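Take a look at the structures listed below.
Next come two complexes, and both contain subunit A; in the first it sits with subunit B, in the second with subunit C.
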Partner chain A sequence: MNNKFDALKDDDSGDHDQDQGSPKDSEKEKTEDEEQNSSRKKMSVPGAGEHPLQYNYTFWYSRRTPGRPASTQSYEQNIKQIGSFASVEQFWRFYSHMIRPGDLTGHSDFHLFKEGIKPMWEDDANKMGGKWIIRLRKGLASRCWENLILAMLGEQFMVGEEICGAVVSVRFQEDIISIWNKTASDQATTARIRDTLRRVLNLPPNTIMEYKTHTDSIKAWVDFHGLVNPSGGC
Partner chain B sequence: MEVSRRRILQKHLEPARPLRRCIHVDTEPKINAGTCAQALMTEEDPETTIGIEQFCKIVNLHKQKGRISYNRDFLIGLASCPEARKKPQFLPEHPIVLMEARDLAHLKLHEMKWNGGKEDMVAERLHSP
Partner chain C sequence: MSTECQKTTAKAIPSTRRVTINDAAHMPHDYSTTPGGTLFSTTPGGTRIIYDRKFLLGCRSSPVAKTLPQGLPNIPGVTTPLSKDTDEKANNGELLNNNTTAPDSSNTGDDSQFEMDI
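Then we have the complex of A and B:
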């Protein structure tokens, strides 16, 4: 029963992503899309007797350094991998050792993405995609985030391979949760994601949900900052 | 000519008769739920005969349907098991990382509220569009 984490990687930094790209196939079935982006050392595997997940996932955390304008900061520098997991039990191990989003301070985000997909607009899996955004008043983020990621890990969205990951963004006056999918133009998929979101988050019918394509996000970012240095995030 | 033709026919038909009789006699007295189901299955078999390509298609469809899915309650039920409370072996040192597993009792608490349907679960837009 020991050493459940033998196969878990030590992803303490995104700095050395480049030399880890191993095309080695995992035992889990992966689509070509998911294989394209290989920022992993070794795939996580479920421990004996654990409950496997449909996909492996990676937790990320990012925080904007206070006092510096966003346009001068590299998103990739500010984002940090916390760890990857392949089973329900492994997920809880990470989750219970991280603070809740509601307790985060400053301009920071938790990201939970399928292993191999970076939480960035430019990632191959994301570049044609978009996200559903829900703005939450303060105090709701932790619970909404929990319900969102539990639905994602438990494959409740039923949109095949479309889901890329989820983000909770802690901001000054509000918090934002979002879920990213691969194909922004696939309306059947985005509608299904929206309906599932409503159900799992138990949102009142008048909640405003906004779908944003990543190309629009990039455009808005460039317009606002006047620099061509866009990256993921809300 | 005629005689020889008849002989041929007889020769061909003869072995078929006892076989048919055999099946008839053997299966009839043994009918129960099991054999009934079996009979139904064999009856349906010819209709669902499919080519290899079609078979592969069906297998792939089932694979997609056969995703590993868990509902919220099941996932939360596993949160308290000892395996889920261990500290991950590789955990970066970071202000958001806790040295000890935090209490996840709130999950169950929320669930109770959730089921009660009384929770004030309002997400709203703070910024006017």
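Then we have the complex of A and C:
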């Protein structure tokens, strides 16, 4: 039962990041959680002489398998953990060994989330949250992504524990970057995130920035597809 | 300001932390910054380790930052190049993403920010 959320991958708004959530999936998730927990018991720690970060983070990569309709692919099949890090130097180790988002092919995404938060709506940290979305014409994604994640790692947003992670989505005609936070209803926080984004990305004043709550994203999908039972992911 | 305060969990004040400087690039760029990131004790959300972009870019040149991370999954086209002849490079731990900037180059600063036309 591949569910409604998969189709969100199509709407190009960065929503592809959070689908799945049927009861079946949550069982599956449990076993996966256990595996991940055991392999992750040893949290990343900064090495001697390295510069510790405020939080540990995990890189993820997802890609829709070409040639298969989105509806037959579950999100979890398509998302891979690249690795976790705890220091500035460890971040660069991963980042320097990954290609730039602008050079990715196909329908793919990089996600950088705090360690322990999955890049999915269903994660406890995300379910009351939302995200700022910025659409970019082709050619800008690599630079914007780098500026975005450096600001996040360096704690430039000044919103306490609110930031969950960031996503860059490579699509056919445009690329999208987004940053997720915990509490969509906290306007002081979302305004501060917006202002920081403008500053660190050096966006021209007329850039359109859109805030979407995760529940609205789900609702929009359900309305469009006429699903009677919207429960599951939200 | 006080209306914006958010619930924060109390944390002990960090005791002395030693920061080793191996490279001039790791020195802070102004006198109000301490090596190893500035600790602000009065920001919303409590004590944070803060780094600016320029400092982070400077750390890119440290030897550790260039080594292949342990357990990096092999994802062709993402963590290893797609084409065969470059495969060897990647297996030897060469960098796929070395587009930017040595720390000493002047374009790591803010004025390297490009004008965006969206």
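Definition applied: the second predicted complex is superposed on the first by the 179 of 234 C-alpha atoms of A that agree within 3 Å, B and C clash if a C-alpha of one lies under 4 Å from a C-alpha of the other, contacts with A are read in each partner's own complex, and residues count from 1 in each chain.
Note that in this section a contact is a pair of C-beta atoms (placed from the backbone, for glycine too) under 8 Å apart; a residue touches a chain by one contact, two chains touch by 3 or more.
Because the structure is predicted, anything quoted here is derived from the model rather than measured.
J.: In the superposed model built on subunit A, check whether subunit B and subunit C fit or clash.
T.: On the shared subunit A, the partners clash.
J.: Counting only touches as set out at the top, which of subunit B and subunit C does A:Thr65 meet: first, second, both, neither?
T.: After superposition on chain A, A:Thr65 lies in contact with neither partner.
J.: Please work out whether A:Val159 is in contact with subunit B alone, subunit C alone, both, or neither, and reply first, second, both or neither.
T.: second
J.: If we overlay the two complexes on their shared chain A, which of subunit B and subunit C does A:Trp92 touch? Say first, second, both or neither.
T.: A:Trp92: touches subunit B and subunit C.
J.: Identify the partner contact of A:Gln187: answer first if only subunit B is touched, second if only subunit C is, both if each is, neither if none is.
T.: In the superposition, A:Gln187 touches no partner, neither subunit B nor subunit C.
J.: After lining up the shared chain so the two structures overlap, which partner does A:Gln77 touch, if you call subunit B first and subunit C second: first, second, both or neither?
T.: A:Gln77 contacts neither subunit B nor subunit C.
J.: Is A:Ala48 contacted by the first partner subunit B, the second partner subunit C, both or neither?
T.: After superposition on chain A, A:Ala48 lies in contact with subunit C alone.
J.: For A:Gln173 in the superposed arrangement: first (subunit B), second (subunit C), both or neither?
T.: After superposition on chain A, A:Gln173 lies in contact with subunit B alone.
J.: Do subunit B and subunit C touch any of the same residues on subunit A, and if so, which?
T.: Residues 47, 49-54, 61, 80-83, 88-100, 104, 135-137, 140, 143-144, 146-147, 150-151, 153-156, 160, 200-204, 207-208, which sit in both footprints.
J.: Note which residues of subunit A are touching subunit C in the complex, please.
T.: Interface residues on subunit A, with respect to subunit C: 47-54, 61, 80-83, 85, 88-100, 104-105, 108, 135-137, 140, 142-144, 146-147, 150-151, 153-156, 158-162, 186, 188-189, 200-204, 206-208.
J.: Sort out for me which residues of subunit C touch subunit A in the complex.
T.: 3-4, 6, 8, 19-20, 22, 26, 36-37, 43-46, 48-53, 55-57, 59-60, 62, 64-69, 71-73, 75, 77-79, 81, 90, 93, 95-100, 113-118
J.: Subunit A touches which residues of subunit B in the complex?
T.: The touching residues are 63-64, 67-72, 74-76, 78-79, 81, 83-92, 94, 96-102, 104, 107, 110, 114, 119, 121-127.
J.: So in the complex, which bits of subunit A are touching subunit B?
T.: My answer: residues 1, 3-5, 8-13, 29, 47, 49-54, 61, 80-83, 88-100, 104, 134-137, 140, 143-144, 146-147, 150-151, 153-156, 160, 173-174, 200-204, 207-208.
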